[in-house]
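As structure tokens, the structure follows; a few thoughts come after it.
Chains here go by letter, A, B, C and D, matching the order in which they are written, and residues are numbered from 1 within each.
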């Protein structure tokens, strides 16, 4: 079940976004009898139910808001969080680069605030499934609340466990790690991926990438790609078109790889620079 | 029906990727009795059917290849093309920023080689639908072949028409234009979007963005965001970790907006610089 | 005369930088009998005179500071300003790209706060000269004070005039415009440059560049180059090496060109895309 | 003596740039009786002597060229090279950030092809001096020829020595290392810099920066800054203004620091994250 329904008007249970001034957004579920409060006034949910999407609504103080359905991007940016969340620019690229879409079986660790979990669950659709591991009960509780609010909890199995002990799942289409030390879990990942399956992780520092690479090669992963995504906004001014003054300079290095089970030629593998990362595969195919 | 199936072995009809050296990939459908040819030798499809995904296979010349299922990103990069295609980095962000996922109704023009069409169709799943317009019959034919090969043609309606005449569809969740002059079609887009729906386009030049902006404001679109995405790859070298030497510097400016139907205060709207683009909305809500 | 002297100790008249915590810098001239005040305490200049460069000094409150000689970069970042100043990353590239160094004759407009003027004067040395025009007396006064403080006023002639009336100087090695509408002054620039001389300007918006280009071509300038410089800082953390979180996303487009006096073939010149800008020159040489 | 003279016409001994099509440049000295050869025809130097700068000249095959004086940037890009050279975008920032200008004493290692050596010598003017070390005689010979051709050899002392043995010079204003392992020479650098002097280096990989940082801190350097400079060119097309398609993605990480001789509090110094690098200085000043 999807939060983003195809009705013309807001209904009980729908996820709504009330947009106020200056990028202020409030995202919540409509529940009969409940009240939404903000510094710009309050709304009774009952007054919002039945209102057309895209219309302007006023708080009891007469302050106007816009009633919208949030995009996945809005949801990710506004999700209640207890950990660092992954930005939409990275999420979109992760989904498309790791072949994640309707029907896929995906494994994730750690769950964190559940932002990426929600994006994965949204993307795999009703026929797919997401399993997400975290060792911290309090944090996973936040993720659960976030998923439930989005109606995505039914597509997700949350497991409370230190992944050092390994994953229960086998033959997963994709495994994503958002943990500090992915190099410690590569053999666990390997045991859960099907042949040709996708591995991905996001790492803030160069040191973490440097530590991860030899373990990936040792565990016979191939097609290693490392990249970073920079997103630059422009002022929406026809007469003065130019980039905005400041931007986010870094969110993390993305590392992608696929499980390929080839007999490596170690002598060749010790050779010099490879462009973009799949030359280790080339060395075997040559 | 999805090209990316959950079986362990390749079957008749499956979309396969044969990976050779140096980033060379061949993507095609397995058909009994057919033959695949390359400069590194040929394969009989019958010999590939039944082989496990992720395994190494050899051509009649003894040259090795890897047998893989392609990711959406691979498909987009390798799609037979007669027009410029949109890069995966942009496609991922477009999907997530425009709320495109399982169950959505999406409109697109022009179809071009069908790369974005395929990504949209993949993402909306079996319950969603994509309609795509193009005025050039020969080009749309290429797109149709591409979609058919991916098994995504059943989710797409292709229409051969100059969109100046408008779209047949109403209440679409999202409309994406990949045309040279989107400023000429904004009122047509408006007629097809549901309230709060998402508009997006990609434009190579600053001049096109400059021409588009006043039309969007005039047509009461809000939440205008303009951005560009830069993707930088790193060498997968643990001992010499650094960015690769060269990168793609520009693919296009992405423009996003939502249809909000508010009475604008023109005097306010003529005022000065707005950050990131939704201040025109702010001016009405204030 | 240079502010940056080769003595081991600070002397009367020297430009000093007192560095306090958190990137706080104070740059001023040492004058017998004067007092420097800050929220971390005061210093009598007499107590600083004779102190070794690089040493730690304490205010009357016992707060420590470092006594340094400022680099040109420090000076540019800390210069008292009444207008937007040009960043060191652009200044360095402007100097090197426009052939500005010891002995050159350089023209500038507008003077603004005198930051670039100071950099130009520093760079041309005692044998070179800089002439700088501005139409606003109050602003040029600030620039004069800044140059005097740096001991660079003797290398600069400031002229108070609207440059629409043209420049007095001929045969300049380089002319730099930091004004809103450089397209209005290209023929004035042309009259002041020697053959082969360098023109440069910095422009915040794409619209200004778009307006400038046809005028440059019409006035027979060649070797047009347009670029932007992005500077990304990293955390100086050996164990957690990564870019800092945020960065300046835009300061301006730099436009460079050289005065070449060739008979243009207009038919050729109307042809399509030129890479990086000197293909208009190519069209004549072909 | 400077290559870039203020005469209107080319004279014997002058450094000239002959610009042909497609960014092809030839830079050489005019010598009576000599001949310049290219695939587009030849010139007798005697025919170029006396020609006005900026004029069009034709080879014996009737092919046109432009006669120009090269900028420092042109010289750096075209210098005959036997090693990787530093790009103008980095050179400009190095000069301005390390306080290098007329009158300075600067130390460099290794000399390499002499590109940066030439820029330093150009910038310090007739009153300054550059000393440059390299351990490879054949390479330093190339650098010498390059400097001589530019008339800059008189401002440079080349020393053939492994810098592990240290530098002869003391009290230098700035020291720049362009070597693979700067972390091995930090104490040698320290012995040659005056208090408050500037240290800089350029390093292609993250690993090298990671190795350098603790040594700099241990040797009581402060104000550590690490950055990279990205230069993006735009098409000089008024009707189709946009970035060019591809760009250089990486040349190197620049590391800057200053020698400050403070008694460090080691306990404080072991503490956590510092922004941009001078917080180690802050820890002492606090």
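Brief remarks follow.
We adopt the following convention: contacts are C-beta pairs under 8 Å (C-beta built on N, C-alpha and C of every residue); 3 or more make two chains touch, one makes a residue touch a chain.
Everything quoted here is computed from the prediction, not taken from an experiment.
When chain B is laid over chain D using CA atoms, the rotation angle comes to 180 degrees (nearest 5).
Comparing the chain pairs A-C and C-D, the larger number of C-beta pairs in contact belongs to C-D.
Averaging C-alpha coordinates per chain places the centre of chain A 44 Å away from that of chain C. Remark: chain C and chain D have CA centroids separated by 19 Å (rounded to whole angstrom). Residue positions of chain B touching 2 or more other chains: 206-207, 210, 232-233, 240-241, 244. Those residues of chain B that touch chain C in the complex are listed here as 206-207, 210. Across the complex, chain B meets chain D through its residues 204-207, 232-233, 239-250. Of all residues in chain C, only 2, 4, 6, 8, 19-23, 52-56, 63-73, 76, 88-89, 91-99, 101-105, 119, 122-123, 125-127, 171, 173, 194-198, 206, 209-211, 213-214, 222, 224-238, 240-241, 244, 253, 258-262, 273-282, 284-286 touch chain D in the complex they form.
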